[in-house]
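The structure under discussion is supplied below as structure tokens; questions concerning it will follow.
By written order: A, B, C, D, E and F. Residues from 1 in each chain.
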Amino acid sequence: MIEALLLMMGLGAVAGTLLGIASKIFYVWEDPRIALVVDCLAGANCGGCGYTGCGACAAAMVSGEAPVSACIVAGADGAAKVAAVLGLEAGAAEALTSQNTCTGGFRAPEKFSYMGVNDCRAAYLLYAGAKDCDVGCLGFGSCVKACVFDALKIGPDGYPVVDEEKCVGCGACEKACPKGIMQVRKPSDRLLHMNLVTDRLAPCRQTCPAEVNIPKYINHIKRGEYDKAWLTVMERNPLPLSTGRVCPHPCEDACRRALADDPVSINQLKRFCSDWVMNKGTSLKIPVAPDTGYKVAIVGGGPSGLSAAFYLRRLGHKVKIFEWLPKLGGMIYYGIPEYRLPKEILYEDINRIFGLGGIEVKTGVKFGVDFDLESLVGGGFDAVLMTIGAMNHASARIPDEDKVKGVLPATVYLRRQGLGDPCPIGKRVGVIGGGNVAMDCLRSSVRLGAEKVYCLYRRTIKEMPANVVEIEACEHEGIEFITLCTPTKFTTDEEGILTGIEYLKNELGEPDASGRRKPVPIEGSETVIPLDNFILAIGQTTDSAFADEEGTAVSRLETKWGAIVNDSDTHQTAIPYVFTSGDCAGPPGLLVAAVGAGRRAARGIHKYLMGEDMAFPPARLRVDSRRMKGHIPGTIFDSIEGIQRKGRIAQPELEPGSYERQHTYAEVDLTVTEEDALKEANRCMRCCLTCYNKDTS
Amino acid sequence: MSSQKKLVVAHAPYWHDGSKISTKNYHIMIAALPAVLMGISQYGAPALAVIAFAMACAMIWEVIWNLILGKSASIGDGSAAVTGMLLGMLMPATAPWWLIALGTFIAIIVGKQIFGGIGFNPLNPPLLALAMLVISFTGIFDFNESLRHYDLGFVMTYPLADLKAFGPDAIGKFGMGDLFMGRQAGAIGSTFGLGLIVGGLYLILRGYMRWEISLSFLAGVFITALLFNLSDSAKYAGPLFHLFTGYTLVAAFFLLPEDSSSPANFIPMLIFGAMAGMMTVLIRNIGAYVDGVVFAVLLMNLCNPLLDKIRPKAIGKVVENA
Amino acid sequence: MGDYILLAVGAILVNNILLIQYLGNCPFLGTSKSMDNATGMAMAVVFVLALAGIVTWIFEAVFLKPLGLEYMRTIVFIVVIAALVQFVEIFMKKSMPALYAGLGIFLPLITTNCAVMGVCLINIKEEYNFLEMLVSSIAYPAGFGLALILFAGLRERIIIGRVPGPLQDVSIALVTAGFMSLSFLGFKGMI
Amino acid sequence: MIKRSFLGLVKPALRYNLAPGSVQELPVPNKVILLLKASENGGPPSTLKVGDAVKTGQRLSASPDSAEYVISSVTGTISAMSPHVGTLAQKYTAITIDASGQDDWDDEFNKEPTLDTALRFFEGAPGSPSFKAFADPEKTIRTVVINGMDDDLLLTANQCVVQNEAAEIKNGVDILKKMTGVERVVIAVPESLVQQASATGAELKTVRGTYPNSLPQMIMKDVLGQMVEAGDTPEDEGVVFVTAEAVAALGAAFRAGQLPVSKVVTVVGKGGSTRNVRARIGTPLRDVLQACNVSVSERDRLVLGGPMRGIATYSDELPLEPGTDGIVVQDEADSAQTTDYPCINCGECIRICPVKIPVNMLVRFLEARLYEEAAAMYDLHCCIECGLCSYVCVSRIPIFQYIKLGKYELSLIETAEAE
Amino acid sequence: MAKTIVQEFTKGLWEEIPPFRLVLGLCPVLAVTKTVANGVGMGVAATFVLVCSNILVSALRNIIPSQVRVPCFIIIIATFVVVVELVMQAVAYPLFLQLGIFIPLIVVNCIILGRAEAFASKNPPVASIADGLGIGVGFTIALGALAGIREAFGAGTISVPFSDTVIQLFGPSFQPFTFMVEAPGAFVCLGLVLAIMNLIGK
Amino acid sequence: MRDIIRMIVVLAVMAACGGALLAGVKSGTAAKIEYQQLKFVKGPAIIEILEGCSNDPLVDRFKVKDGEVERGFYVGVFDGKANTVVFESFGKGFGGDIGVMVGVNIETDELLGMGVTTHAETPGLGSRAKDDPSFRAQFKGLSITEPVKVKPDGGQIDAVSGATITSRGVCQGVTDSSAFYSRLKPQILEQARAFAK
């Protein structure tokens, strides 16, 4: 008994002494983190990790050789602790995931039959692989073999499918792919990505000014994954309900399906999926990057400002919006009438943006009056985005246009409607202009009680920039088009109140710079029509008078024709921390263009704040969606074969001539049914650069 | 630049000498025929049944495995048939059906397919199966016991068992000529020395087999047995006896040179064969088992990866003096 | 002399500690993925086991047996081995960095290598004298090393093969180890 | 296809075709396509435009300071320029020139036989010579070897040149010496061409007529007794190889004052019919094949070069390149079919490998994509790329492709590490 | 993060069942699974040590200096191993003989030291008991299952733990595939069972 | 320095506690273990050899000093006469020592039987020497004074097939025992007598 006790005690003491002294005498410095990591591991020295003991494993982890999860005994908790010790948690918050960008697979045509090593990289050595498409997936699954997490497999269509649950974003697939199809990106990087000529982009996607991944979300709709479709849209467009209603959808003009029958009703599908999400009422989680600590001020709560706010927030910055009008939305609130875009629907979009959290808003404050750049900088903002829009109207160059009573600028006319205080109008109203704003003025005049509404335009209906559907809607609502006319003077009564307008007939001459034929007035063709009100809807300009004030910071901004000059890629102005986007940065454009510009501005600001290179890569894709130019070579076809013809679905709308249609602001265009949406989604050929699904159902 | 007709693009070379795994395997089966036919003629229908059933079973296991894994069928290459045939050749004619089914399962699935199939088996599949069966079912592989109902007009005891039990004195009754001509008890396809040698020579000449391994193995057996015999001829049998009995010849020509479990470089092949021969005689003379071939070959299979590291210096290779 | 050779051959081949006695399997599987690790581990085991064999044998002779405390062998031996290994590691790290780079990383693994403990216990159980103990303490780990190196050779080929998914890694390694063990049965009866 | 001999124990001996036939001159084609190596950053050439007129012998390059150029082989106008990807993922700009039918010679070529001239006009001349090694300060070139053999089976283009143009070669040898300052010029020819070759003025060496003895590394070993170290080129050992055709072209150019624009090519049809023709560089393959009455149909193989080392191509609209010594058309039934069977370790490749590489292990490592290990342990860089291992592989593994892939991937890794 | 006691227990039965999921402590798994009785006996012995050492390590976790953590754990474990050794000799001597050297070798079983390190030294005693019990029971089940397979094929019997009963599974004509109870059979069998476990997943 | 002392103290105390605990357990189980050892290690062989004896040989045992070592003898009483003793000897197998129980009729010096107690032989082969009754039966009736050998060595015992080494080891164990049996015979006779009934 006592021997046992003594023996063990002696043994313990000797061992302890020996080790204690030895560890002092033979002390060797090593990375202190190794010891900390060892503490997190199982300490069993079992060798299960493949390293020789826990110390070696820890050293490997510290040096980055071994993943933090290498110790199977310590498990996931251990891995988390090791990550904490090594400070890897910052990177872990924004998870990298892999995405396959090619949708070709088996359907992509081949230029030859390949025989040899079943490996993409091997096949690539022979004329870049058998696939006709230079950037298409070769389908041998080198990425699958490279993935040690079993997160990739070749799907039934012959291209790799990522299992996002399993993907850890290690990047092995990206390295393995000879064609750069697999891309491992953080969500932020995906938000920041701009279309490149080297991307795999369908024609519609190239054309969309907001660069929405159209084939992807339509494919989600096809599979009934409406929420995923909506999230896909939100990657590029935070106002899907609004754009779904008012977008003139240039994408559909580029749709390859149009070569066989009709283009796919892309915009209706977007509207469908975003309405579905709205009606479902649940809030889908939109990922937001960890806070960066930067604050950005956005002057103007229009679509571009809202879009920029949304993406800046998602990139991890704090945002505050300053708006001089009581409501957010800018031109889409105050410019687009209720019957096209109900205010509450618009606010669904806006509220979702604020749903991210971290975005503040202050309304009723005007830049240059209530605050200026100095006060913003003083308020701790690191960058300022000006999205003040174009709220001044352009002149129609008719004498006395701002003196004659009853002549109204479209901006004012529409804004007063938005404010709930419409301008009183008479029975006969004329609107000059052929754009969508003009159409809005025309159609709201009908609703405000005008009996006779004229549209005056200097070219023909064919040349009108407004959407065809809008023009048709006007016709449905009994609006008369007076085309090829140039108003020359107003006729007034003695009080200076408008009674009519005199105009000259035009004929079309040579095409001008925009490719449209120039109208030439015909001498002596004067005609007069009686009018009570005349609305000027021929364009807007930015009110940038504040830039003229000497001695302020703002005065360093350059302006050109009222617009604030910026770099069209980075949106940076002459003042490095000031960015502009939307209508105030150039000629007023489409809502969807403003949304796209908002994201570009967000990118510019993000890169500026993070100190990264702001310039676009040389491979930036620049498509002119108005003139359908600049697409990736070879992607715009003349004809396609093998498509079973099947027309597009009709746009449901309020019965023309009905009371609601003529006299109320009830929404005219309706959302398609789920059945129709699925039918339409199935018409989509899921194009990529050159290949497309021939057997659409 | 795409043309209407699609050509086939492959990497060079565009010529091939026409050899195929299946051809190779069919030739191995042809070469084994003389020994097998002799076995069948001696032991009759049961021997035929064993060989046929072993081949069938082996191929069925292979097919089943391919189906389970969804791999393309590899049955056409004949390797399963060869494995089955060789395993059958190593069995006594009285082997029960379940033994063959189990043996082929081990050989095909456990011995080969779970390592990735043909070319990846680290050990010789038929021998692996045989080793497992031998240590499990000693009764069946005791040839004296299992062949006792046969009377074929020659001494019906298993020479090696006699040697083990009674020493070299007991083997005088076996004439070398008889042993060579297959007039001895044993497994179906391993007794007919002449047939095996003819088959082996055929394979060697046709280039389907590595002669280095066979010859060094035979030399290894011969020399080791001779040394033992010289040291104490009262305890150890002579070299020819070791050559012509047991599995020696079938191992030399059909088992040892199995492709994936044997070395491919010249010197390793010689070492491999010679060591296997030496181990065979060692086990026979001083080990616990009656016939050493099975374990000798398996042991050398284990050494194969290490042995194959001995290789000629490639032309142009720079040896750094580190 | 002959006895010692027989003892050595028996320990290396016939009663191979890994393949026949099932001791030391964790490091066997863990360090056999590459030939370099396998050789390092083999050498480290020989080194430590030779030391541990001597120390434990002396402990048994000096303390346990005279005091009648044989039943405490397990606890005494493991403490001795653990302390010894740790001491050797600390010592080697400082004094012989070159050797440590080669062997040191394998040392911590050896504490829980049951082959070390196992051989020490066998030495006592078989009542070896000092020389026999020494032979056994070197021959057993030599057998461990031999098996480990052969196994690493096989495994290097198997890893680059086409083993079906569920069988990969440890699973196929165990099956291969089984085959090795089977082959080593061939040495049976040789001493 | 040469089949395995009955007695497989004997190593198969593949013999070169040593009977060069006569050369038939082809007319100037309607259009030629020239493949200009694309510059690093991609993008279309800045100095060339569609519609530009070019003269025969005109030097075309992407930009004034670009080192890459092609020599126009016809007179005409550029009708198209498109990107083209070749083997080893090499990017080219394919310049299509519609030929006018008349040759109007460009006069930029000056006749000073200097190294500069060689670099400026003869990189990529017929036979695809390269003079960069002479200009490389890190290399000391002591010997030039004129290869009078063809580097592949069936082909006789080079032998043809030795047979018919010994005088031009002699002139070429003199110019080569002047240009490079290298004194030792060796010509390696088969036994059958000794007579012609002895008239060239170069040091005469004979090469055995079995494959792969005409490959540079083998000539180095057998004829010069030098060893090319793994991963090195003969240039690193001070030896530059040029084909007989290139030397002849050099000689002819300085004699006539016109840059060489055509080359000899051996055309082998499906039945094995062999003809030698001389065609303009850049001639679409279709024109060459039509002139030789060789047709190509679906699933055939169209090989540029010979059956062991050539490059199968995918369209007969592709052009004849300066390095193309042969065009082989193979019927599907005659061509080698590869499989994805694993190596069964039969050892055939080891027996036949002329440089003693353990191909059985090498291919396993390459299959597992362990390229660095393959190079470090299994002599990947020793490979001289003769293709014999694939030729004899029982499993029909595309070993040669694996080797090429491995070398390519390693070069990528090295470049990545160098950055 | 915080698991309930039940979860701590059940994870050892499937998710982290040694040695199939945690491929540790293989030596006894291979050596003593010749019969079910031996396997379960070993499992119970290991479970006892595991639970006891977990309790003690957990209780003393704040006292033990981290530098000598491992030696201390080893002492604790070794103590219980010797206790088991002695008790088993006194109570179940035949089993002790069968398990032989593997009882003292529990001390170097990575599972036990691993649990002490990874769990008990960081968690309170109750959770540590649950963890030890779970892992131990899982270990016992695994040993029993493996032994069942090996014994059934290799001997045609199933021996009931803690009794002398041996159930004959097959008729007298059955020829046992004794390979399974030999050393190599242990490796092969465990390897294949691991593959099946991998196939089933967690 | 303080932490080193703490280390030493903790280790020593812990080790001491362990030691104490073990010592306690040991003293509590010692008697039981001894009997268990006897019963399960040697018991079966002894009882088998002395099948049919009228006493409990595990109880009827005595020890005789043979130089340094002490040897245990178990007495079997047949027909009222304590004419049989069983004792243990060792032979060399290839797995280590083989314990052999030898039963001898002290009156005739004839072997009554043989049993294997401990061995480390390969299961299925060598271990059959323990389990195979026909192998053991061969020893019955041989004389203890004659060397016992297997047939290959020129003896009279058929080796267990496949386990010649083990068989040889068993025979050697039996043969070796004759030496000390003869040497100690006087004491044995004397002691055994005490158990006669």
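Basically, a residue touches a chain if its C-beta (ideal position, glycine included) is under 8 Å from a C-beta of that chain, and two chains touch if they have at least 3 such contacts.
If you're wondering where the values come from, they're calculated on a predicted model, not measured in any experiment.
Of all chains, the one whose mean C-alpha position sits at the greatest distance from that of subunit F is A. Across all inter-chain contacts, the pair with the most C-beta pairs is B-D. Taking each chain's centre as the mean of its C-alpha atoms, subunit B lies 34 Å from subunit C. Per-chain CA centroids place subunit B at a distance of 45 Å from subunit F.
In terms of their C-alpha centroids, the spacing between subunit C and subunit D amounts to 58 Å.
For subunit B, the set of residues touching two or more other chains reads 1-2, 6-11, 110, 114, 116-117, 120, 132, 135, 288-289. In subunit F, the residues that touch at least two other chains are 3, 7, 10-11, 14-15, 18-19, 22, 26, 122, 124-125, 163-165. In subunit C, the residues touching two or more other chains are 26, 29, 71-72, 75, 79, 82-83, 86, 111-112, 157, 161-162, 167, 172, 175-176, 179-180, 182, 185, 188-190. Those residues of subunit A that touch subunit C in the shared complex are 3-4, 7-8, 11-12, 14-15, 18-19, 22-23, 25-28, 44-56. Those residues of subunit B that touch subunit C in the complex are listed here as 69, 110, 114-117, 120, 122-123, 128, 131-132, 135, 279, 282-283, 286-289, 292, 294-296, 298-299, 301-306, 309. Residue ranges on subunit E touching subunit C, taken from their complex, read 23-27, 30-31, 70-71, 74-75, 78-79, 81-82, 85-86, 101, 104-105, 107-110, 113, 179, 182-192, 194-196, 198-199. Those residues of subunit C lying in contact with subunit B across their complex are 149-150, 153-154, 156-158, 161-164, 167, 172, 175-176, 179-180, 182-190.
Contact residues on subunit E toward subunit F in their complex (touch as defined above): 34, 63-65, 67-68, 71-72, 75-76, 78-79, 82-83, 86-87, 89-91, 93-94, 97, 178, 181-182.
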